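Multiple structures follow.
Presented sequentially are two complexes of chain A, the first with chain B as partner and the second with chain C.
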Partner chain A sequence: MDSSDIEKIVVNALQLTNQSRSDNTQIPISESTVLFGKDGHLDSMALVALLMDIEDALAEESIDVSLSDEKAMSSSRSPFKNLTSMTQYISDVIAEQS
Partner chain B sequence: MGSRTVLITGASRGIGKTLAEHFLAKGDIVIGVSRTETSLADENYHHFLADVASEADAKRIFTAIKKQFTSLDILINNAGIARMNAFALTPIQNAQDIMATNFMGTFIFCQKALNLLRKSPCARIINLSTVAVPLNLAGEAAYAASKSAVETLTRIVAKEMGGFGITCNAIGPSPIHTQLISGVGDDKIDKLLQQQAIKKMAVVEDVINIVDFYVQPQSSMVTGQILYLGGIS
Partner chain C sequence: MSVAYLKEKMRQAGNADAVAIGSHCISYQELTEKLDQWQSFLANSTLPAGAVVSVKGDYSADAIALFLALANYNAIIIPLSNDSATQFDEFTNIGQVEYEFAQHDNQYILTPTQVTADHQIYQEIRQRGTPGLVLFSSGSTGKSKAIVHDLAALLTKFTVPRNTMRTVLFLQFDHIGGINTLLYTLANGGMAIIPENRRPITVCKAIEMHKGEVLPTSPTFLNLLLLSGAAEESDISSLKLVTYGTEPMPASTLEAMSARFPNIRMLQTYGLSEVGILRSKSRDSNSLWVKVGGEDYQTKIVDGKLCIKSKSAMLGYLNAPSPFDSDGYMNTGDQVEQDGEWIRILGRESEIINVGGEKVYPAEVESAILQLDGVEDVVVVGIRHPITGMTVSADVKITTQESLSEFKVRLRKHCSGVLPGFKIPTKIRLIDDYTHNARFKRMRRKA
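== the complex of A and B ==
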């Protein structure tokens, strides 16, 4: 699975998140959107939900990984800051855990 | 009420088996998990052989469930083991086995079930504890400690999952005639019963009564609670 496949999974998960949000809290899906952290669109619970959806989608591709370790969730420079950093983090985790 | 999907661990005997029969009688779909084969035969019953303390087993089960079901409505973490022993004489391996099955089994199944539970409009987690926790029963150090951990887990899962509409509660049965306490002497059971407000053995139906309360849609505001039988608090 390459970076573009992973990015597609993240985008699909964000679209799923948007389905359960009101019109005025929709997350703009672009590389510059701040997802998590200062001025991010996701609070910690929404991030957990997003990561669970991504793990589920990866599991459907027979990739069994755990995305939310303590370091990643508490890091001041969170890997979940935006679409690009999240995609890179997931690629790294897959490489490490597989 | 019917057509809910219910997962019960430790479903091959005792309380777990009776709960499985209870939900099947209501027309629900029951997924049973245990280390041994089941005698339950029902078109709505699906059985998985597994060790609840094994993350690999849990992953295998939930992968199979996700292929067949779109959501999970009720998870009952009933699987448990108990070995009475004086603290000073408890083999370390026994304590580790008890923690693995009772606490880690509950932890793993709660976590792996979350994504399916989130898709239910009325998601419930029910964990099994014991009156041995509030009574601090001598001879039950490892067992009571494992269930104490289950109670804390229950409260924290309730907090973290409340926003997803998932409630998480526990039941602490007083002694019931099941295999779990078959090795405990009558004198010990009598002593325990004397500490209860209602000094008699409970029956499985008392547990079912609380389960029915927790799972009913009207109980959506009830979470993080531990309900003991027999008047223990």
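== the complex of A and C ==
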């Protein structure tokens, strides 16, 4: 699975998140959108839900990974900041865990 | 109360129906005759008084008579109903069963096991010269505990005459609720209605056939009753009272019951295998606020948790330390809200999900999810997560053809309208099987 496939999965998961949200809390889906952190669109609960949804989508592609390891939390640069860092983090986790 | 007292009450009831199993009714007279037979069997047997005896099988005239005869014989009884068939060996072991009564060709046969039961609590019962009863906790949140009661103390509370009722016996006699209903019924000349299984339609048909008046059950069963439409296919207009306990009632299920059956009074009961069933009063049929107690019970609330002292409390666990404090109170582990003399049960302390420091009670989330169309069953648990400490996970059984993604959107949209963000499930799974055990209690045991 390459980066563009992973990015697609993240985008799909974000679209799923948007479907459950009201019109005024939609997350703009673009490279520059801050997802989590200062001025981010997701609070910690929403981030957890997004990660769970991404895990479910990866599981459908027969990739069983956990995106909730301690390392990501303590990493100096948050892997959950935006679409690019999130995609990179997920490919790293897949490479590591599979 | 001794068994002799109960037997006298049963004799007075004469030809009235005592027990209905399926369509077959057994009169008090037949039951008393069977009791006579078992008493003389035991009197002529080599069974020592104080022996630990298991009785395997579900309710039958024989099983009930044998149970009462063993109680009269001062045996220590371990009832093993088929609800826990997969745990028979485990329970037999923990309970140090010395003799087994099991059915062969519809006959109960007594077999020694060559085990000697020397547990200190058993010795205490033998010294008292009273019958004993061993029940096992459901283990919904962990390992089953063996709970030892002085059966004579349990029987005492049935000496106060109460209403004669036709009551559905929903639980077997290896459950405190089942024992309570059975003894109440026999002591008051009522009729115990035993459905052939616990499917909503079977239970409703049994109520229709025997004009059942009282249904003691669990919230999970009531939810299935509403969804199944079984009440539309049967005439259950004889039903006056539904009592529910064993797990927190989802507000949504209670509302739906009251709306669907406005003439049925809804009463919450509160009981634990360790302390017995408390008398209780719901503020009204629509209310989750309840007053518990009764003449034999004292309650106090410590750190938000309900503590109970009971005259008929168990003597102790066979396989766990005593849960009683120095004043004899047992901490139930149930978190409650208090409003004067009324309390509302929020859930078990051990089941609270701590999401980033905020408390979530599974029952509240389950209640919200049950409001969705097409949701047949749901169980909510907490799972560890490094971001929020714990997070809310929901396993849901649905009747619709939705994909997981479609259902997630519908669930989260609905929940965000009725629950704060931290209570909304992050992990959602669709499941094929029901989440409850054989007694219709939701199992939250973590895999």
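The definition used in the following text is that the second predicted complex is superposed on the first by the 95 of 98 C-alpha atoms of A that agree within 3 Å, B and C clash if a C-alpha of one lies under 4 Å from a C-alpha of the other, contacts with A are read in each partner's own complex, and residues count from 1 in each chain.
Following the convention adopted for this analysis, a residue touches a chain if its C-beta (ideal position, glycine included) is under 8 Å from a C-beta of that chain, and two chains touch if they have at least 3 such contacts.
Since the model is a prediction, treat every value here as computed from it, not as a measurement.
In the superposition on chain A, contact is made by A:Gln19 with chain C only, not with chain B. By the touch criterion defined above, A:Ile94 lies against neither chain B nor chain C after alignment on the C-alpha atoms of chain A.
When both complexes are overlaid on chain A, the residue A:Leu47 reaches chain C alone and has no touch with chain B.
Once chain A of one complex is fitted onto chain A of the other, the partner contacts of A:Ala59 are limited to chain B, with no touch recorded for chain C. A count of residues in chain A touched by chain B and by chain C gives the higher number to C. The intersection of chain A residues touching chain B with those touching chain C, taken from the two complexes, comprises 45, 48-49, 52-53, 56. The residues of chain A lying in touch with chain B in their complex are 45, 48-49, 52-53, 55-56, 59, 64.
Per the touch definition, chain A reaches chain C in the complex via residues 16, 19-21, 43-49, 51-53, 56, 68-70, 72-73. Note for the complex: chain C touches chain A at residues 355-356, 385-388, 391, 404-405, 408-409, 412-413, 416, 421-422, 424, 426-428. If you check the complex, the residues on chain B that touch chain A are 59, 63, 66, 114-115, 118, 160, 163-164.
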